[in-house]
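Order as written gives the chain letters A, B and C; numbering starts at 1 within each chain.
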Amino acid sequence: MKKSILSQRLGFSLLTACTAAVVGFLAIILWDIVTKGAGSVTWKFLTDAPRDGMTQGGIMPAIVGTFFATTITTVLALPLGCCVAIYLNEYAKDTAITRLIRVTIRNLAGVPSIVYGLFGVVLFVQGLRLGTSILSAGLTLGLLTLPWTITASEEALKTVPASYREGAFALGATKWQAIYTNVLPYAFGGILTGAILGIARAAGETAPILFTGAAFYLPFLPRSVFDQFMALPYHLYILSTQHHQIEKVRPLAYGTALVLLGLVLGMNLIAVIIRYKIRKNTKAV
Amino acid sequence: MPVPCAYHVHMRKNARHNRLKEEAIRLLLFSSSITVVILLAGIFLLLLMKALPAFREISAGEFFLTGVWDPTGYERSHYGILAMIKSTVMVTAGAMAIAVPLGVGTAAFLNEIAGPRLREVLKPVIEILAGVPSVVVGFLGIVLFGPMIAKLFGIHSGLNAMNGSLLLAIMSLPTIISISEDALNAVPVSFSEASFALGANRWQTLVRVKMPAAVSGVIAACMLGMGRAIGETMTVLMATGCAIAMPVSFLDPVRTITSAIAIELGEVAFNSTHYYALFAVGLVLFCMTFAVNMVSDVILHKYQSLQR
Amino acid sequence: MDSQDKISVRNLNFYYGQVRRVTNVTIDIKANQVIGIIGPSGCGKSTFLRTLNRMNDLILGARVEGMVLLDGEDIYDPEVDVVDVRRRVGMVFQKSNPFPKSIYENVAYGLRIGGVREKDFIAERVEKSLRDAALWEEVKDRLDDNAMRLSGGQQQRLCIARALAIEPEVLLMDEPASALDPTATLKVEELIQELKKKYTIIIVTHNMQQAARISDFTAFFMLGELVEFDETKQMFTKPQKKITEEYITGRFG
């Protein structure tokens, strides 16, 4: 009897230690970046271009570039992802094709981001002759986030009660009318949450844009979607590994890391808050 | 029969038009779903298309069975991927050695020990961990974990396989935790109740009843985490030193499959042998992760249908 | 079949996968009557009801054999538009299912998706439907409130109003009062008596007293088969079959 109590106590402390370690990792990451990066992030840092061989100045072009690229990502992934989710959740019967589509989506989510990068080079940069550009990079990131967008949108559609659809059909709604008027409006919040999470992910990705459009250094802001661009994650990579005065630009790298982390986690936080609000609302109903 | 009112007539007139519209929408949604399949097939085929020309100049034997990768060699080029494969395997295995116990342990903690309120706090923490961009983790590998490892082992640089393993472990933890926890949560309460009724305590129930019942889900979770680690690029690119030599110990710098592509593709001429060879490397990577994902998918699916 | 019959069901079978849920039902229903459908749970009475406006079309793996004639026209004919069928045969569900829209928009929903744009016409029809559903007085000052805030009984009457707004010819009701308290139930029952002047009403109920109170004809289902169909008075006083009598007198079910 005593032995079993002892083993339980031991085992549970072990599990607690595991959890503490995981939380510890996150704490270390956040603590290090925030404490060492906070000093660099000034208004000037956010609004200035890099200067003096990137040893001075700020990261404005990288912020703008990331914004443009993720906009293209959203424009591609959100509508397409919603369409697929609507098809799977509202129309698809359990056929071989449906199962194939579902397996494919799960597999796409596991394709390494660098492979998306290779695909983007062949398809967008060379094949469609878009060159290394914001457009190529944004589209590549769009494909990368597609499986996440689909899954999140489908989850959102699933939360809409079946009775909304039935009620609409009983009043003579066609399938699409029922979906458009009585399902999508109530899945909107969830789809939005998924979209934000997808954008956050795209904003933090580096590997897919290495060869599809990200530039080492540009003194000016991109003027069209066919220009190359600076991106926050790529800029961090450059500053921390490729710069000729790595130690000197370390504060800038920390600052960039903090801005990137803040941006990505900030979007995550917004998504979590929206989701929390939706849950509260549906509970009230 | 009641006289149809004006709007009933109006409705019937619209019927044919409506049916056409409905079919068009259905077709649109279906074809967008099919693009997903085309995308995956397209990735494979384009990689294959760009990889095959490499074997006009490189023998498959050299490519798969030798360990020297030196596309710009002075006398002749060498294209052997064994060193990269070994690097990837080492870094991934190291990552799993750290992440599997930690991840499964945390999942068990969430399932068995944490109360609802603690879980409300921990789940977002894990989601945030999943949200940290890999380039930021790689950066920390350079500025934080690398120096720590160097100091600990008294070596010059901490940019080596061990650093990569540690970082990849952090990156694959969220996947392992969340899917393992789902697997544990899916174990019917009746199993635990039966175990309690036989006088087992919570720890015994967890280890002897719940874990075995959830084992396939947990394995699938670990494999998905592994797939993520194999394909992860930026962290290993930044934090493992990227030496091309065949690694021997975890304190050696390594160049994994992903980092080799990331470093070299930017420097090669389009449509050169080296360029094609990198696509061949990409194809190998794709096949590895595809296999891992497929197997975990099958396990997960089989296990879900058993639960039903 | 009589020319007055609103609905004539001929040899109707309903299959879900391999299982037959409704077996060989033949029944004639006259216009402007209330038909009560009774039977033990799982006897297929709700399933039968849902074959009358093709709501079962939505279920994967479902299959129908036989005919359902609405004014002599088979609603399962491939040429018939299912949307049209559902507009002519309205339905009120067991659990009230107002949409999370305003009260006004709930009632206007059927008209709007039917392509009606005239605001005055919609406003007029919303008021009329709410009056017909005996809800107008209670909600006329808060038509913009979310329908989810109504009480259970009010929600169910709103669902009835919503169904009435598109002027169906037949109204199907699937245990409409089962989730309501006695006062609300009474209101719905009075309403049904009022509505039969304009509509043919087919109502599934678990409650035999309710069937006896409100219906002109009663159909008794068991194990997917129509056991007996007769005038309610006849059915509850002198049932033809022993099993009907046993059910009605509460010996099982």
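Criterion: contacts are C-beta pairs under 8 Å (C-beta built on N, C-alpha and C of every residue); 3 or more make two chains touch, one makes a residue touch a chain.
Small disclaimer: the values here were computed from a predicted structure and weren't measured.
The chains in contact with chain B as well as with chain C are A.
Central chain by Cα centroid: A, whose mean Cα position is closest to the mean of all protein Cα atoms. Across the two interfaces under comparison, A-B and A-C, the one joined by more C-beta contacts turns out to be A-B. Chain centres were defined as the mean of their Cα atoms; on that basis the chain farthest from chain A turns out to be C.
With centres defined as mean CA coordinates, chain C is found 52 Å away from chain B. Chain A and chain B have Cα centroids separated by 15 Å. Distance between chain A and chain C, defined via averaged C-alpha coordinates, is recorded as 48 Å. Residue positions of chain A touching 2 or more other chains, listed in rising order: 172, 174. With touch defined as above, residues shared between interfaces to two or more other chains in chain B number as follows: 11, 18.
Shared interface positions of chain C, defined as residues touching 2 or more other chains, are 83-84, 87, 114. The touching residues of chain A, when paired with chain C in their complex, are 93-94, 161, 163-174, 177, 181-182, 186, 285. For chain B in complex with chain A, the touching residues are 11, 18, 21-22, 25-26, 28-30, 32-37, 39-40, 42-43, 46-47, 49-50, 101-106, 108-110, 112-114, 122, 124-129, 131-140, 142-144, 170, 173, 177, 201-204, 206-207, 224, 227-228, 230-234, 237-238, 258, 261-262, 265-266, 270, 278-279, 282, 285-286, 289-290, 292-294, 297. Note for the complex: chain C touches chain A at residues 53, 55, 58, 60, 83-84, 86-87, 90-91, 93, 95, 97-100, 109-110, 112-114, 148, 159, 162-163, 166. Chain A contributes residues 4-5, 7-8, 11-12, 14-19, 21-23, 25-26, 28-29, 32-33, 80, 83-84, 86-88, 91-92, 100-101, 103-108, 110-119, 121-123, 126, 143, 146-147, 150, 172, 174-176, 197, 200-201, 203-207, 210-211, 233-234, 236-237, 240-241, 250, 253-254, 257, 260-261, 264-265, 268, 272 to its touches with chain B in the complex.
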